[in-house]
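For reference, the structure discussed in these notes is given below.
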Amino acid sequence: MMQHLPILQIIVPLLGAPLAALLRGRDLAWGLALLLTGVAFLISVVLFGQQKIAGEALIYELGGWPAPIGIVYVIDAASALVLPVVSGIAFVATIAARRLVEAEIDARDHALFYAAWLLTIAGMLGQVTTGDAFNIFVFLEISSLSAYALVAMGAGRDRRALPAAFNYLILGTVGATFYVIGVGLLYMLTGTLNLMDLSERLADVESTRAVFTALAFIALGLFLKMALFPLHFWLVPAYAHAPSAVSALMAATATKVSVYVLIRLIFGVFGIEFPGLADAVGLLVLTLGIAGAFVGTLAAILETDLKKLFAQSSIAQLGYMAIGIGAMSATGLAAAFIHLFNHALMKGALFLAIGAIAAQAGRASMHTIEGAGRQIPITMTAILVGGLALIGVPLTAGFISKLYLIRALLEQDFWMLAGLTFISSALALAYVWKIIEAAWLKERPEGAPVLTESPVQYVPAWLMVVATIGFGIFSAPLVEAACAAANVFIGGAR
Amino acid sequence: MAVDTLIPALLGLPLLASALVLLLRDKPDLRDGQALLIGVITAACTVRLYASAETDTVHFISLAAGLDISFTPEPLGKLFALVAGVLWPVATLYTIGYMRGAGEANHTRFMFFYAIAIHAAMGIALSGNLLTLFVFYEILTFSTYPLVTHKGTPEAMRAGRIYLGILVASSVVLLLFGVIGVWVLTGTLEFKSGGILAGHIDPFYVPFLLALFAFGIGKAALMPLHRWLPAAMVAPTPVSALLHAVAVVKAGVFTVLKVAVYIFGIDFLRETASSDWLVYVASFSILAASVVAMTKTNLKARLAYSTISQLGYIVLGASLATSLAASGAALHITAHAAGKITLFFCAGAIYVAHHLTDIKDMNGLGRIMPVTYTAFALGALSIIGVPPLAGAWSKIMLMGGALDNGHLLVLAALMISSLLNLVYLGEIVLRGFFAAPTHGLKSEAVQEAPMSMVLPLALTAAMSVALFFAVDYFILDFAKPAGG
Amino acid sequence: MQDDPVIRVVAKVMIPTVMLFALYVQFHGDYGPGGGFQAGVIFAAAFVLNAMIFGLNRGRHVWPANLNLLAVCAGVLLYGLTGVASMLLGENYLDYDVLGATPQAGQHIGILLVEFGVGLTVASVMVALFFTFAGRMTHNRLLDRMEAQDKDAKRGAVKEVPKKRSRT
Amino acid sequence: MSMLAGQWNYFLVIALMMIGFYTVIARGNMVKKMVGLTIFQTSVFMLYISMGKIANGTAPILTDAAQKAYANPLPHVLILTAIVVGVATTAVGYALIISVYESYGTIEDDELIKIIEAEEDEGADA
């Protein structure tokens, strides 16, 4: 069974979805989702180990058809790093989901909720694993379609979820369609869809205009899906009005997977030596990344709704990942992977903690948490640590991200950009401080509802907080894995 | 106690004190008593550490290649630990008196964060590399914020925001950038005699890197990043003492000194002439702050600007890039600590006994509070640099360093600044002893602050005197590379 | 519409024919043009036609929602489990060779099973889409009417309500 | 001219694509947006299908007759999948539109924004 793990990684949650839809009792559906995401997490960890021991890519041929003909699933150092992130977050989010879903979603819809939940997870895992350009699109749409539905389920609590989901659907579909156009052009030029095969065959046609057009379409489509500034407007309302559990899952994983796909396509297919890539795409991504970092952070400072605030901060954090990609170097890519990993942990923790508050109070704004530091200290501390990690305070995972990001920029002699990156991340202090001030330095207003906390609510968030601190202190394995992941695409990361 | 357990002990004792403060929050006497006791033990430990020849590094954890949390007791760090450690119990005693005397609320919270701040100061003092130092530097910033905003008034909150804003923003933007820059360039952050940067960086960039540190270390209050210090004056006086003498600003200039000596290396700085610009910035800071101090009539505000000026001396010592000046700067940390804490203790005593904050109202107060005013005079003279008080030695060494390096303008600046010191500190002493009492002071009878306040300030004033005679023990020759 | 004899008769002829054609497309899909997707849509068209002519309620009666959900899930599971079966028989996921005595027979069985799963899911999803969208509107109109009646009964003011309705 | 004649399919696709894309961007009505999106997607389907066509080729069906040139079947398969995805997207989209209409009473973007902003202002005051 061990050699089937790459496919089991995907079909376990995928086939769980119809089962969950059939289970009538809501706890049954939840239990199934928990079990399956747990199994998926286990599989991803084993796969990570298998890949590390093998030292090379594990390739799984679907239906026994070998590479350029059939669809293959590839577990290399890069996908082996991202899989545990996605499945791990999914597992923890599922633990937390029970309470959040009970509070926010009509009981009749629970089974369908978990079905969509498992589908979106399966879709994300599929995007990471597959080695076929069109298969990526299919999984992209599986995860997106179920995500639209999940976001829309927030309508029971907050009807703004509906237009948010609709806009998300429009832009998501446009992005995915752009991607398909690009892939279609590549297929026309090369006659293959297999990523490895594509990168080999592209060498023959690398200076044709059609290839550039394909690159532009693919990049643009994925920029949309990963919410790179200025194509990020769908993200904030979608995350803010979705059910809390969905916010946590998506904020921590959805855009990260798109970042991964972008890296896979740009570096794995076109390759760093592709003429014009480093200048054109690199500079563009770098510029947009920096701009996004500033715009996201400044917008977050002005927000008063916590979910929106951290959604805006996600824009900024995605900007940092883009900066790592835009550095067009092995270190930059390693930094992007490190930040992808760490940011998933931080945002997961933050959204789970905020979700626990929102599920009780109906919404989570600066007003809701006034003086909450004394009523729900454990939850608020989780938010605090997550916030500090976003700033990049040493001993949290965020520091390691920032360290490698800056190193990547300095290695390329981008002193100015490194400085700008620094300033923007320091600005994050302003919004974290707003939270600290509201939660701890203000008294709870008279008549405000009493907030409570119990282990079911804060343990999932704290799992991620502990991971954030753990990977901030014992970062060596993560750095090593991220460098291995970067080396898949560009050699020389250390 | 064995030397190798001293470092964990020094880091742990203040934490223990803070934990006990929380546990004993319902029993004020026990709570304050244990804090005092632990303070005395800590002080003893720092003395023992200072006397020992221990220099072995203690590793805690390793983050990534070249990024450790580790502690190395080197001479400069030991000295700072000694200053912070010895002044802590004194300040604790004073705090107890002040808090009870002035009737401040939230005593437990105050004591708790005070102990955490000492923990952070110890961490800074003993840190073995820049990363460790940075971590404790930030802990210090955050742990002192509740102290600065202790009163909870809108004014205090505003001051707290300035305090935190400047300190955290400067450190996160500039200092951390510098730290990472050093790590990228050299692959290590270890403090080494002679510095680690030489040979790793184009000399052209050194002044810029130095600027990241000089302005990034906001706690050194180099102009124009000094605004937080006067703003923080809204805090209770023991906090001011902590900020000015025991921990915060001292941690700032200590960091500057440590970075200049152990990261850049004195010789490297001198050879590349990278710190010349900082010499002038520091000199400007010294003079400008002195001039501003003369315009202030609020006692604590005047002392705050005096501190900014005095911190300039230490940054100057680091930037002169000679071994003599660096030693002088290290000595000045000690001398100024003893002097300035005395002045603040006196200011607090005056407030508790008579609720006066403005210098103009303090005419004739010297006759009512003779002990306090004598101590104040001693502290002031030490700051001015008059023998036989500690400040004299450090100023002489700094001047010597300036001469060594041929900075005659700096020499002039130092002398002018001493004159200005004399004017603005002397005024207070003269008004106290010789001016006719203003009304509002009812009797001419001696009316001192509580004993627990007078004792510490007498003690620190005595220290200023003692330092002058025992100066041999405090002149360090740490700036030379181990080999040469 | 169910009262019109022409439509009724035509429908009675057409619906079985459409279904039969769907089955042909379904099971001939491995040799000729066709397959689960196309067959599923055609099959669903029969149900849609039925519901359009004989009304939603009778349409639902023929193919209840619960059964429909079961069919959707069963189709997906059939597809997935076929893959799992080949995996259990020692080959890669969805490798049909091992499903039959010879690889060729195996491919036959595999593709038929998988396509049947697809067809089942597509057909039931299409039916579900139709019933959901169509049913939604009647359901709401019904609700609107009931609400209006409630208001009338409570307020006793008849003139106000129709105006409001007519605007929205 | 020969370019136009030889590659007319691409021009058609591009024209459709831009019509669809423009509609998505420029129209405030949600249904129109969906229509635009569908046109946009369909243009991509046509791009794929037309690229698989070979001049004078037959359908790619295995027969006993002598093998002739036949169209590339792979794009058809891909687009079959894409069509299914498109149907699903359309269904979800219209379902959302219906829900929005039921909840807000409008499906015009600008009116929706007004309602939402008004609600948020209320929320901020409360």
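So that you can tell them apart, the chains are marked A, B, C and D in the order they are listed, and the count of residues begins at 1 in each.
Quick note on the criterion: a contact is a pair of C-beta atoms (placed from the backbone, for glycine too) under 8 Å apart; a residue touches a chain by one contact, two chains touch by 3 or more.
Because the structure is predicted, anything quoted here is derived from the model rather than measured.
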When A-D is set beside A-C, which has more C-beta pairs in contact?
-> A-D
Taking each chain's mean CA coordinate, chain B and chain C are separated, in whole Å, by 78
Between chain A and chain D, what is the separation of their C-alpha centroids in Å?
-> 26
Whole-Å distance, C-alpha centre of chain A to that of chain C, is 35
Averaging only over C-alpha atoms, locate the centres of chain B and chain D and give their separation in whole Å.
-> 68
Shared interface positions of chain B, touching two or more other chains = none
Which positions in chain A touch two or more other chains at once?
-> none
Specify, in ascending order, the residues of chain D that touch 2 or more different other chains.
-> 95
Each pair of chains that touches is included here, namely A-B, A-C, A-D, C-D
Given the complex with chain C, which residues does chain A contribute to the contact?
-> 4, 7, 11, 14-15, 17-19, 21-22, 60-64
If you look only at chain A, which of its residues touch chain D in the complex?
-> 134, 137-138, 141, 145, 148-149, 152, 155, 159-160, 162-163, 165-166, 169-170, 173-174, 177, 180-181, 184, 187-188, 304, 363
Which positions of chain D touch chain A when the two form their complex?
-> 17, 21, 24, 30, 33, 37, 40-41, 44, 47-48, 51, 75, 78, 81-82, 85, 88-89, 92-93, 95-97, 99-100, 103-104, 112, 116, 119, 123-124
Over in the complex, which chain C residues touch chain A? Could you list them?
-> 69-70, 72-74, 76-77, 80-81, 83-84, 87, 91-97
Spell out the residues on chain D that touch chain C in their complex, using ranges where they run on.
-> 59, 61-62, 80, 83-84, 91, 94-95, 98, 102, 105
